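Each structure below appears as structure tokens.
Two complexes, one shared chain (subunit A), two partners (subunit B, subunit C).
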Partner chain A sequence: MITESISTVTGIQSLQYLYPLIVLGIAGFVILGLGLVTSSKRAYAGIAFGSLVLAAILLLVIPQNTYNVLSDSFTFNQFGLYFAILFLISSLFITLPSLKNISAKGDIFYALLLFVTTGMVVAAFTMNLIVLFISFEAVSIGTYVLAAFHKTRRTLEASTKYFFTGVVSTSFIIFGLAFFYQAMGTFQLGPAMAVASKPALLIALLFLTIGFGFKVAIFPMHQWAIDTYYGSENSVSAFLSTGSKLVAFMIMIKVFIIGFASMGEDVFLLFTLLAVFTMTYGNISALSTTNVKKLFAYSSIAQAGYLILVFSITSYAMWSGQNYSFIAINAVAAAMLYSLVYIFMKGGAFVFLNTVDKESPEFSDISGLARKSPALAMGLSILLLALAGIPFTGGFTGKFYMFLYLVDVKLWWLAIIAILNSAISVFYYFRVIMYMYWKPESQVLMTRSRAASATVLISAVVVVVIFFFFPLFPLLHGYATSLFGVTG
Partner chain B sequence: MDIFIADTVALFLFAVGLYGVMTSNVGIKMLISVEIMINSAVIALVVSAVNSMEPIVLALFVIAIAAVESVIGVSLLVAVFRKFGRVSISLLKEIRE
Partner chain C sequence: MIIEYIFAVLVAASMITFFTGGRSRQFARLTSLAIAAAVIIYSAYRFYPGYDGGYISTFSLTLSSYTGFYFSLGINGFTDLLVVLGSIIVLAALFISDRSDDPVYYGLILLTEVGIFGLLMSTDLFFFYVFWEVVLIPVYFLIGLYGGPRKDSVSLKFLVYTHIGSVFILLSIFTLYSYYYSEFGILTMQNADLLSTPFFATIPYFYKVFILTGFLIGFLVKLPTFPLHSWLPDSYEEAPYPVTVILAGALSVMGGFGLFGILYPLYSQIPSFFLWLLIALGILSLIYFSFTAMFQSNIKRMMAYASAASMGFVSIAFGSGILGTGNNGIIDLAGGMFQIFAHGLIVAFLFSLLYYIKTHTGHDTFYGLGGIYRESPVMATLFLGGLLASLGLPGLAGFVAEFSIIAGSYGILGPLIYLVIFSMIITASYHIWAAQKALYGPYNENLGQVRDLSRSESAAMIFMLISILVIGLFPRIVFPLLTGYLGGIA
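Moving on to the complex of A and B:
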């Protein structure tokens, strides 16, 4: 295994690592206080934007090595740094476009957004299950409120469904953690964990999979996701399907790859089954819908299926006794790359809905968009092609590495299922593009939301740039190593 | 062996709560069932604190988080009551058409 120098930081020196969190938290309270003085949405958005950027800069100046801070509660490594930056991006993504969605109580919206982001960054920087659980709950509870924002009939329904499934999943997670402790005797994820009781660990695996599976929206636990993504405000849907989903995914990487490293066979069987069903369900259901927002919701489920393939790769490498640490690092790096692309393509697609002057547009409402605003149609087309995994977009790169390592561990049949699924998905993404380019113009107006249009275009550019930026994967490979460096 | 008995009790309580959530149609009833589920998990946490206090620490946090969750839940249900007139979950079918 890899050994890396791990420094322990105690006392007042710990503070420099916590500055990004402090900045985000304080900015949240500042916005709440400002809400008493002014009701200018732009002021709140400006502070939120500024503090998110400042937090990102503060994260980047932390010396890049692995540090255990505050008696192992926090573990600052490059893996966490990368995901923390991703979470900040996913919040930045909706900061300005959501100005259009908010009519009142903008202070509460932006304060909640910052508090949720703080929870996400904490989750990125810890290997302790207690802290992981608390930060995960901070994210969940914040997003229940965000989903209900405006308290209209639609958002209330979306949030109530999200809330009840979310709370049930929380109790599954707590139960799973209890059994995990009974089996392992520790909450600290890390080197060579000794298993005391196999049956307890098996129950823990089942409960934790159900619990986190709800948040990532994998197949049997996906029902809430369609309603919530479809019912919430567009920018909140964007946040739920990027930031909130990736937090759960990142926690799953930590728990199921590091924590359950000794259970190769069971993890493999469980997650392969779930991945196959999730991909197939998401893609097949998306074929029949004619609503753009619902299509994005279904495709978001299908994408979760591709993401969790990483657990099949690592656990199969463990089970079949292949070069585990080498393959696991590659697989995690592939998952990290896919997460990066996923944020831009999915977030951009949901934010696009903000430019259409209708609550949940059908295909016919965006037909002829290419003539009304060519740039926007081009941007959305690139994002949809990326979601389908067409070459010359980052979506291809993400899927390529994921499927490459599937073949690498000789799971070629699973790779074929995944590629077939991508082929199915091309149909429904192309239907949207067809409506935009080859159908008569619809009467629905486009709003002049400059922030939303800019976000769509920027994400389209980034998605294309990722494809041509070849040193990215070796870089991520180094970052993924730091996750396993702790296990050295 | 003692842990086994306590785990069985906790799992039984968990099943009771899950049954309540799945069969009930009234929001408040579902909230109470969820509380039963979370508290059964707290029992499982507390009995696993054999060698160290770590699970107890988590249990304390869980109790606090459960309180926060019921606050959010009740306020959501109040908002639902104001919009829909009842807190029956079957009313929520605006999205599903």
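Moving on to the complex of A and C:
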């Protein structure tokens, strides 16, 4: 449906949809230019922060009806809008906390951050696989460099691992897209797509799962993630495990729920297996670690397992011929809610590490934190409670809806596995709380990083507020509907 | 509405306690005293003029009509009784607390009370579950921050064990919620909808079993019942005494409430093998815990097992009461609920006294103690009173419950009743031995001088013993609430 021409693009009507992207891109170049004049990190961070906020405001004021521009390569809908704002939040999250640890070349760091964010927002607003791929690559390449920042042996190792696995995953995606095109005859995702060749689609499913699975850190493709999250600078780890992971997750929602809607059975079997292994692997590995950052890395993998349950729900609803539209929309809304909470709980947890004056602290290094800085200990405890899914935190709400629709679609055995996993995870999250509250104080000092502490506290507050904000789910339900309503 | 205001005051007070600094002890005590008094006066005023079932004093706040979430509270005869019990137990726990300047401690205890009140009063399964989970967090911190030498592992064990039990409840709630929507096209979390027999009858058999199993796992862990009990002795032993009082008195109430408050409304739909399973587990718990208690050298641990054993009566009463018919069934069920109440009072009394024995003598094991009657007769006599109540001496509260359960379930259990009687004999014997070894006999001279209870301490303890006696002598104070509740459902 190529009804728009170049003239509509240049028309003021369409251009307003692109303002956020333009702002982010220009601000990135401004920071690069500013790098020639001044080396003030604060200036770069200020511009980055300002442009991210401005982009978020611009996103909020654009009309919220579904709208296609640039020959359908961009599809603006509420689903994309929601995720675009999530991505902006995940970038905002690390802009200020990272100030402390970025010692040199701050201009490049912040410019890259903005370019990566631009890529993320593009990915949010497209239903075209080529554009999705390009934006995904923009995100990946930017994050390879971000992971190497603060050049030490550890970050270089982290970045190298990330880079090589990332490149491999890219080639898988390309292959998968080629097969997808062969099977479907189009790169445009939309409802009711006709399947020309089922075997080709099956190959595409496998290849795309592997390709995107790397970035989401799903079980057999997760090895890089632990080393990279562990090795990178804390705020970069926060970004990799929130923003970058959620981009891939959002793309997966688009590809596997819309694109592979006809393959209920195969998607179900594949993703159920992956989800079970991912959750269990992440949780079991986290049980034995005594390093806080490693713990967060493993828990990040376990959380990926909960996230991809959404594919089991939707595909099973399709396969077993249940009330598909009701369940799929609700499941996607649950995934959206989980993503929102996830940014704050995981991002906050990683950023917390910036307040400890030690590279990759052990449990014993943060012991007795409750006496040294009660507010920070309280903040981190709330985030850990949320990760464990304890009520009165948004983490509970997120898991609640996800597991609810798992039961709703009558996957009770998968719900038991998921919920037992979540119950086991309580053990290692509360072990950290135990160290903070009733172990003797450690000698390790806390840094006076106000940005990081504030970020932790704000995320703790947000995580609690999400629990009490009950109209959120109906709202997201409306947003999720727009994903299924696209006429591409 | 008054009970909701009391609840709101409690929530506010528990928050304020964290900021009261050195005066937190008086503040918490006064608050809990006021709450207990208010709850008792309220129930006397609302329930005694006549109660014939159903929720009274309901309150509902719409949170999200799309997902069917309402914050709704209400109270019926049974939950009112448990709310009274909870407030008395927390009051007792605070009375024996001596951390004069730790607002966190008192705040956490009041937060536990908030959780217990909340889960009892919620008439909506979502908030029932939320409060059910929330109780765990302050108790975890109480054990972890103030517990004994093994507190690290024990607090985690308590949390993970009981949390795993609770998540099964959540799965059952999901299943009910989902089936209600597919049956009626309405999303709701209300007890009145989800726990109604006509609706439950429409659920396929497999999912009925799934729902009941989930609920049972969660409730039996808390009760606790035989194979799901291993968190209990450790937690009771490591927790400081006031927390043990709450654990034994109020947390086991949660399991009992789950059976009688959540599952009972579906009684006609519960397959009989479930009920027999409950009876079997109840009898097993009775025998197993009684034998285990007999071989403990630590009195606190012994009392922990004794407490668990007497909760075995609750599951027996639930199973056999539903299987039973007519008056026998009602006596049985009412006896089970009475047992929850009586057990709460008795263990709170016993653990409070054991606390005084421990602080005055420095010991709570049999070898450390011996003949303390000579030095502190009031304390020893009162403890004897508690032990007698716990073994079910006629005239005290425990007897009424055990008698009605045995009388009511005789027709169902048949010869199995001998196992129950047998375990009661064991129970009686180790209680008497405990009294003999610790309180009477030759005095353990290593103890030196032992201070007896002070006047205020003995006044409080005598008051508790008297209330156990009064309820034992005049069970009519309690029974109308329970039969009213049962009548409202049948």
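As a convention for this text, the second predicted complex is superposed on the first by the 474 of 488 C-alpha atoms of A that agree within 3 Å, B and C clash if a C-alpha of one lies under 4 Å from a C-alpha of the other, contacts with A are read in each partner's own complex, and residues count from 1 in each chain.
We adopt the following convention: a contact is a pair of C-beta atoms (placed from the backbone, for glycine too) under 8 Å apart; a residue touches a chain by one contact, two chains touch by 3 or more.
The structure presented is a predicted model; accordingly, all values stated were derived computationally and were not measured.
Student: Kindly classify A:F277 by the partners it touches after superposition: subunit B alone (first), subunit C alone (second), both, or neither?
Tutor: After superposing on A, A:F277 lies clear of both subunit B and subunit C.
Student: Is A:W319 contacted by the first partner subunit B, the second partner subunit C, both or neither?
Tutor: A:W319 contacts neither subunit B nor subunit C.
Student: Which partner chains sit in contact with A:S422 here, subunit B, subunit C, both or neither? Use first/second/both/neither.
Tutor: Only subunit C; A:S422 stays clear of subunit B.
Student: Pick one for A:F49: touches subunit B only (first), subunit C only (second), both, or neither.
Tutor: neither
Student: Report for A:F392: first if it touches subunit B alone, second if subunit C alone, otherwise both or neither.
Tutor: So A:F392 only meets subunit C here.
Student: Touch check for A:D408: first (subunit B), second (subunit C), both, or neither?
Tutor: So A:D408 only meets subunit C here.
Student: A:F133 contacts which: subunit B (first), subunit C (second), both, neither?
Tutor: In the superposition, A:F133 touches subunit B alone.
Student: Which partner does A:Q182 reach: the first (subunit B), the second (subunit C), both, or neither?
Tutor: In the superposition, A:Q182 contacts subunit B only.
Student: Write out the stretch or stretches of subunit C touching subunit A in their complex.
Tutor: 63-64, 66-67, 69, 129-131, 133-134, 137, 140-141, 144-145, 151-152, 155-156, 159-160, 163-164, 167-168, 170-171, 174-175, 177-178, 181-182, 207, 210
Student: Within their complex, state which residues of subunit A touch subunit C.
Tutor: 323, 385, 390-392, 396, 400, 403-404, 406-408, 410, 412, 415-416, 419-420, 422-424, 426-427, 430-431, 434, 437-438, 470-471, 473-474, 477
Student: Okay, in this complex, where on subunit B does subunit A touch?
Tutor: Contacts found on subunit B: 3, 7, 10, 14, 17-18, 21, 27, 30, 34, 37-38, 40-42, 44-45, 48, 51, 54-55, 57-58, 61-62, 65, 68-69, 72-73, 76-77, 79-80, 83-84, 89, 92-96.
Student: Going by the contact rule set out above, which residues of subunit A touch subunit B in the complex?
Tutor: 129-130, 133-134, 137, 141, 144-145, 148, 151-154, 156-161, 163-164, 167-168, 170-171, 174-175, 177-179, 181-182, 185-187, 227, 230-231
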